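Down below is the structure, laid out as structure tokens.
For clarity, chains are labelled A, B, C, D, E and F in written order, and residue numbers in each chain start from 1.
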Amino acid sequence: MGQVITFGEVLMRISPWGNKKFIQSNVAEFFFGGTELNVGISIARFGGQVKHISAVSNDFIGETAISYINKFGVDTSSIVRSKRPLGVYFLEVGAVMRPSTISYNRSHSSFSEIQPNMVNWQEALNNGAWLHWTGITPALSKHAFHILKEGLILAKEKGMTVSADPTYRNGLWNYGIDAKDALVELLELSTVFIGGINEINEVLGTNYGYSNDDFIEASKALMEAFPSIEKVFDKIRTSLNSSWHKIRARMYNGKEFKETIDLDITHIVDRIGTGDAFAAGLIYGLQRFDDCKAMKFASAACALKHTYEGDVNLATVNEVTAILNGNTSGRLHR
Amino acid sequence: MGQVITFGEVLMRISPWGNKKFIQSNVAEFFFGGTELNVGISIARFGGQVKHISAVSNDFIGETAISYINKFGVDTSSIVRSKRPLGVYFLEVGAVMRPSTISYNRSHSSFSEIQPNMVNWQEALNNGAWLHWTGITPALSKHAFHILKEGLILAKEKGMTVSADPTYRNGLWNYGIDAKDALVELLELSTVFIGGINEINEVLGTNYGYSNDDFIEASKALMEAFPSIEKVFDKIRTSLNSSWHKIRARMYNGKEFKETIDLDITHIVDRIGTGDAFAAGLIYGLQRFDDCKAMKFASAACALKHTYEGDVNLATVNEVTAILNGNTSGRLHR
Amino acid sequence: MGQVITFGEVLMRISPWGNKKFIQSNVAEFFFGGTELNVGISIARFGGQVKHISAVSNDFIGETAISYINKFGVDTSSIVRSKRPLGVYFLEVGAVMRPSTISYNRSHSSFSEIQPNMVNWQEALNNGAWLHWTGITPALSKHAFHILKEGLILAKEKGMTVSADPTYRNGLWNYGIDAKDALVELLELSTVFIGGINEINEVLGTNYGYSNDDFIEASKALMEAFPSIEKVFDKIRTSLNSSWHKIRARMYNGKEFKETIDLDITHIVDRIGTGDAFAAGLIYGLQRFDDCKAMKFASAACALKHTYEGDVNLATVNEVTAILNGNTSGRLHR
Amino acid sequence: MGQVITFGEVLMRISPWGNKKFIQSNVAEFFFGGTELNVGISIARFGGQVKHISAVSNDFIGETAISYINKFGVDTSSIVRSKRPLGVYFLEVGAVMRPSTISYNRSHSSFSEIQPNMVNWQEALNNGAWLHWTGITPALSKHAFHILKEGLILAKEKGMTVSADPTYRNGLWNYGIDAKDALVELLELSTVFIGGINEINEVLGTNYGYSNDDFIEASKALMEAFPSIEKVFDKIRTSLNSSWHKIRARMYNGKEFKETIDLDITHIVDRIGTGDAFAAGLIYGLQRFDDCKAMKFASAACALKHTYEGDVNLATVNEVTAILNGNTSGRLHR
Amino acid sequence: MGQVITFGEVLMRISPWGNKKFIQSNVAEFFFGGTELNVGISIARFGGQVKHISAVSNDFIGETAISYINKFGVDTSSIVRSKRPLGVYFLEVGAVMRPSTISYNRSHSSFSEIQPNMVNWQEALNNGAWLHWTGITPALSKHAFHILKEGLILAKEKGMTVSADPTYRNGLWNYGIDAKDALVELLELSTVFIGGINEINEVLGTNYGYSNDDFIEASKALMEAFPSIEKVFDKIRTSLNSSWHKIRARMYNGKEFKETIDLDITHIVDRIGTGDAFAAGLIYGLQRFDDCKAMKFASAACALKHTYEGDVNLATVNEVTAILNGNTSGRLHR
Amino acid sequence: MGQVITFGEVLMRISPWGNKKFIQSNVAEFFFGGTELNVGISIARFGGQVKHISAVSNDFIGETAISYINKFGVDTSSIVRSKRPLGVYFLEVGAVMRPSTISYNRSHSSFSEIQPNMVNWQEALNNGAWLHWTGITPALSKHAFHILKEGLILAKEKGMTVSADPTYRNGLWNYGIDAKDALVELLELSTVFIGGINEINEVLGTNYGYSNDDFIEASKALMEAFPSIEKVFDKIRTSLNSSWHKIRARMYNGKEFKETIDLDITHIVDRIGTGDAFAAGLIYGLQRFDDCKAMKFASAACALKHTYEGDVNLATVNEVTAILNGNTSGRLHR
């Protein structure tokens, strides 16, 4: 049950209290996050061994980011410091039909401007059993992309499991590389695909629909195109509005298709990082359970994340397992 | 697309955080509002030109009120300062079956004690194309009533559109004038009626019911009694409880009746000023769209307001238009 | 309409803001509560005469606890100070499928270590008409149990009404007495039973189900076993999740069975102390209304409590009565 | 050691955190105060019996004010409720050379508009041994003045001690009575004078200087003019700036002159109500100690008040006594 | 008394409450500032006409920055929006011997990356009488330097007064231009020099000491090197530690040397922007008073700024004048 | 430069904001501390390797305590979890002549009730070079005393340096052992003595005065009585009041006496843990510098701690060294 390695940007999140806009306030809360870090911290909360690799600023903000990660017991020994500032994102939290809105200040951040010699993969992957990446990292800069690819190559050599969450994020990919080409290169080095129809259509250039049959066909096509990929896991979100979602999951592992029931999240506290909570639940689960139970664990973890403030799922294994077992009535624990 | 003029009291709103009662706290948030000002600020947020006319205190509270209005780009050059304190209202925010409760300290406020020479209507209406009034202003004091009437007369002379929101507010009208008589005088100078069955029955002394047919009949009767009134817009609120409302609107413009679908506000953040958001959407819309689209825009604006803290709708035109186009799922904007 | 006497531990409740966990914050709110005190304060808010008897710490925390109780007009003259610290509980507030979680620091508290000579029941019950106890007090320590029993004996002698809320709380009862035996001794001195099937099964060692018929049978069996008990009141909670409950009540008084409709609490603010709000509504109601109206008043009070932060129902009689009369739409009060 | 009676306005104080101006914030703290109430609460904190008489609003703000007073164990049974709002004052806290600034909203408050039949002095003074008044109350309104005078007359009849703090507050006295005439009428019913050269010159129309000799002369002249006055106590403040004051006191009781050393308040936390803390210390002291020790106790109490937030001195007798004994090094208490 | 024009970066300042470090908190306050903007807002608070020119982000943070400036009545019509994020600085506030520490995230900000066509100087200076610049702007980027120079050239043509605060800020000037060369070019277009020995030595390459005689010599040398410069104003800060400074000023205007007394700031609230407060007081003063009174006004303004939170001096003319007149005892204003 | 080991209680500190008393608030900040932990975290902030050994509660409070320690990079692998609650202390922060006040809830805490088998010293001291203890630990319980002694014996065997801060804390030592006897046993195993005249007199039963000569004599006597003790370091605090202290230090190491100058702390932010900051600076210094420089480093560290909120010195080595070098003017760092 070796170490899970995550590699990606650490962002500082700054948002006014409650549903206020910045124009209404002079006080803000701050958290730290970043899609891959969120996965790492969540797995550490479950009790897994995790190391996060990143580049943060060489000032008191970077120090605070590292201390935030330390707090959750994630190994920060491979995080480097640089002269560039830490990436920041500002969030205004919506409600009902008002969407939450994010504004980024990350394009010249310490991570976007990471340099090739900053990551020593040999050392970093020393105890690594699993490497997780997302589509955000290669979208940030050429160096970020190449460093990631370098890590995946080594991970493959070492026989590590590689999970890919190839989310395509509009607004990034501004440094002159074709998103699809880059994602294809990285998927060829990956073994677990965390994504749905949109992501598959994106990398295959196909046009599958959203039905379960389409999902199975799309997964098969993906596995054919990327023979290293063994399993596909998809999380499906139904949004009544900003405050009320339903979550379910489905999977195809080459042998069988499975899906979960809907979990009804009637009063969302914070939906940032819920996809990362799914990925974390999945990784933790696949290291310990069969595929179907891992998917259910991931789905329960994702649903639970909607009830925590901040970017990170703070639930424990017991808490996720209770939801997985259908215990969703929220009875007070004394 | 000339300036919209609003005239009315500026109130300081003071309320404990969350759902606390004053007895439970020693900290409070404050906002500034007032029904006509709320309309003005919302239109300014949409990009309209707005001037607000009022009398505020000659101390740091009045200064803060003016700076609050400046913040949103509303013209404050016709606001006068007086020795009387600014009106205040205290709010305790309810939830579910507990109503929110308001206590006013406004009866001798700077606006209630406004003096005749304090408003120079000729100057104030210089660039004015639209004048909006509500039933609160004439209910406050004799001077407030007469100054408003004076403004309406000049607005009529100048051919401005005059919108009336003749809300009858119990607990005011204590200065010795009959509410109905006063409202009638003011409606005779108005062209757009923002109100429903209750308001029509109030000024006509009739007894219409709440059906659409009744609404059309009532509107016709109103237009007959007040020939200057060309259009009637009604907002209908269905309250499941303090935290969950539905909003729809209907209109009759002498030619056609139209109504919108219900917008479901499942998790209300702050319902104060939602009627003002409707009026603002309507005024902005009627200056730019046909009657039916204006109504839909107003209805969407009203629904969105329930998601903002404070008295004022902070939504932009794009945000309202998205709701108007049915995009109510609240998907995160990055 | 003499004084209601409550006897029990005063606890300081400490919890982070909103849905935060302690690990996410460095700020916390604090309240004071305790199941019997919650009943007392709620009755005082209704306008009843109440005295609370307890032992609090002889430091500024105990002083703050007493001032908190004074604030609501509850008589604190029989509260003693001791060298032991006040009991504390820490709360993390859940949402949707995440349960709220409580951690106690009370096992050597000023109340758990109350000494026999600290309560002068003759003096304390001087103006008493009603004594209320719960299953928490005898569960804390031998002295707490014996002092309570002593009070009940005197209350019986004086012909006072004695209400029992014999909640069995797992995790307490660690001092070497059998919970059932203790509760039986106390129920033999009680006249009003506030509890349902679980509590009856607990003390009778029976196995009744949850249907109304079962409830009537169980109540009859209880009254047979404890002839002093004249009335049984049961509150039934249906939990969709942590944030959404329904509440109803039923009763059997030896002559008739009655039940209320469900009250739908779609957006829970704080569910701590809602059972105490029911007991308080019942006691206040039984002193003034018939049994059925008292039950309806209690049920409305219980539902309303879910909308107040803290352990205590802050609703007034008018506010509860409005709910009791079906006015649950939460219309803004000005 | 009978009850001390205070009569005067209860004000809600609202101020932003720290040294912020209202224009910089949207959050404020609130306290309750009022010069006579501050005296009363401070004496109650010392363990004295106190009743405060006032008129507060009949809404949740008035309720909160009463609960605030209850919290400190002051008897609120003679406080009446009225339809007028509670008086409010807004405070911006200065520092160094920036003065703190106050803006009042009190001229039509529940207390300013108190009506003659609202105070039943016979009942109110039932257990009274001491009645304290200040120059604020007669400055507010004719009724306030006359009710106060009525109380003083009865107090004199009953042989109570009457302390006068005849502060002349500019900006009040707007209702058509001459301040000096009114104060003279009230001083003729008083026995202890709390005030210095300015106040004596004000009521005598004299022009004494600030030296100790002048003080003795002025005190003698005052006692000659008002034979009921037995003792004069003066508090002398030296302001280096808003944040750093020195306090000392002096007295003349017809027999001897005494003065204290300076107490150096190097880091003021809140200077509001420090004069009231002096008066409270004096009243408490004169009921228990000789004149000179009472003066020293008052001076220490006044100095200590500068270290508490809010209008009220929260120090205990032990804490004041420590200062009185020269223990001003502020050593941590565990 | 035409408009004062300021041109420079708008920065968002983010800092934890009190003396906390980021590592200790998850809440921060935010303000907006920037050295030239601080000058502009302060002059607007004095009642002067001010326009600020800048480039801010095209998101809700840029919107908040503009609304912040609007709040104080500064003309924002020449502020442009860009796709780059607003500059940010993080502040940890020290005390006593602990310095406050700032970390910037501004090197690719909307202002640093301002483009030549973004400022229309002809339009911007339309009503301008005075243009103020500092050494920060040319230090940020080539475009910022050139746009500033373009503005100074036009200002000179229009006969406007140009004040220069050529602070040399270590850590900037990274874009390949020599700081001294750039400052010299800009000083040749300036008429009022705000700076002391360090700044003069910097631009002249000299080595003057800090005595008054040295100051006069240095000023003469400066005026010789830059004939357009008519007056030199120097602010002298004596730091006992982070919390306690003294401020005085001196000037040489070619004819006479003058200096002020020390103002003792015993309890600093916030020292950020105090130099800008000096510049603002000077500009406001020079437009209205003689040089010596302007210097005294500036010195008093600078001292007062230390008592306001945030980057901006919020004092009014009356408040500064009181200090100028020696009224520094901070007596409470009611 | 091996690991520093600290062993002692982790306490949760809860205090209202600013100078508020609990009676004035419903919000509190919380920190974690404990005299030995404070030493450990401070050394870790300096860059030293540190392990803290303790017993914390097995709930979310204990989890939060551990995450707090992790945050600073202190090794928590030897901290055990127990069923008992974490110790708590409540703090009200004084000012000027008002002392800060602490109330403890620790007598049955997880650490006070630590059990013999909970610490595996062989494993815990594996990489240990230095063991630090204080007089608090043996004062808590018999087990705490014996476990500490067991650790000291092993440390001696391993040739580790052992520093003793034998503070005698009144109010503890309630479990039946004589404080002096216990301290003597522990000092016999120690090599560095951190304490002054009071502590020496306490353990020797002597009566030395406070002069430097007395200090040297006392130190010699101590070293004679406890031959293992090689060095004595004393920190001298002069308290003008709660808000203003001076700190200096002196030492005797058998060969030479040295002392530092006074550091003037004119505006104390938080004095809790300043003695621990001294001990931490000393341990860090003695591992790297000569005795005299270590003392100066410790003294500077102690002074700096007064400027940080919370129990822990957050200063870095560079920040302390700046003070050590006389750079105490607190100039802003950008």
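In this section, contacts are C-beta pairs under 8 Å (C-beta built on N, C-alpha and C of every residue); 3 or more make two chains touch, one makes a residue touch a chain.
If you want to know which protein each chain is, UniProt gives these names: A, B, C, D, E, F = Sugar kinase.
Because the structure is predicted, anything quoted here is derived from the model rather than measured.
Colleague: Weigh A-C against B-F on C-beta contact pairs and write down the one with more.
Modeller: Between B-F and A-C, contacts are more numerous in A-C.
Colleague: To test your reading of the model: what rotation angle superimposes subunit A on subunit F by C-alpha positions, in degrees to the nearest 5?
Modeller: 180
Colleague: Compare the two sides of the subunit B and subunit C interface and say whether they are made mostly of the same residue numbers, over half shared, or of different ones.
Modeller: Different; most numbers are used by only one of subunit B and subunit C.
Colleague: Counting only Cα atoms for the centres, state how far subunit B is from subunit D in Å.
Modeller: 44
Colleague: At what distance in angstrom does the C-alpha mean of subunit E lie from that of subunit B?
Modeller: Between these chains, centre-to-centre, one finds 42 Å.
Colleague: Which integer distance in Å separates the CA centroid of subunit A from that of subunit D?
Modeller: 62
Colleague: Among the residues of subunit C, which are close enough to touch at least two other chains?
Modeller: 21, 23-24, 26-27, 67, 71, 101, 104, 267
Colleague: Are the chains arranged, by touching, as a line, ring, star, complete graph, or other?
Modeller: complete
Colleague: For a test of understanding, state which residues of subunit B touch subunit F in their complex under the given definition.
Modeller: Per the stated touch rule, the residues are 24-27.
Colleague: Quick check on the complex: what are the subunit D residues that touch subunit C?
Modeller: By the definition above, subunit D touches subunit C via 67-68, 70-73.
Colleague: Residue numbers of subunit E touching subunit F in their complex, please.
Modeller: Spelled out, the residues of subunit E in touch with subunit F are 18-21, 23-24, 94-102, 104, 169-171, 239-244, 267, 271-272.
Colleague: Using the touch definition up top, name the residues of subunit A that touch subunit E in the complex.
Modeller: The contact residues of subunit A facing subunit E are 14, 21-23, 26-31, 57, 59-61, 63-64, 67, 85-86, 88, 90, 92, 101, 103-105, 107-108.
Colleague: Taking the complex as given, what residues does subunit E use to touch subunit D?
Modeller: 71, 263-269, 303-304, 306-310, 314-315, 319, 323, 328-334
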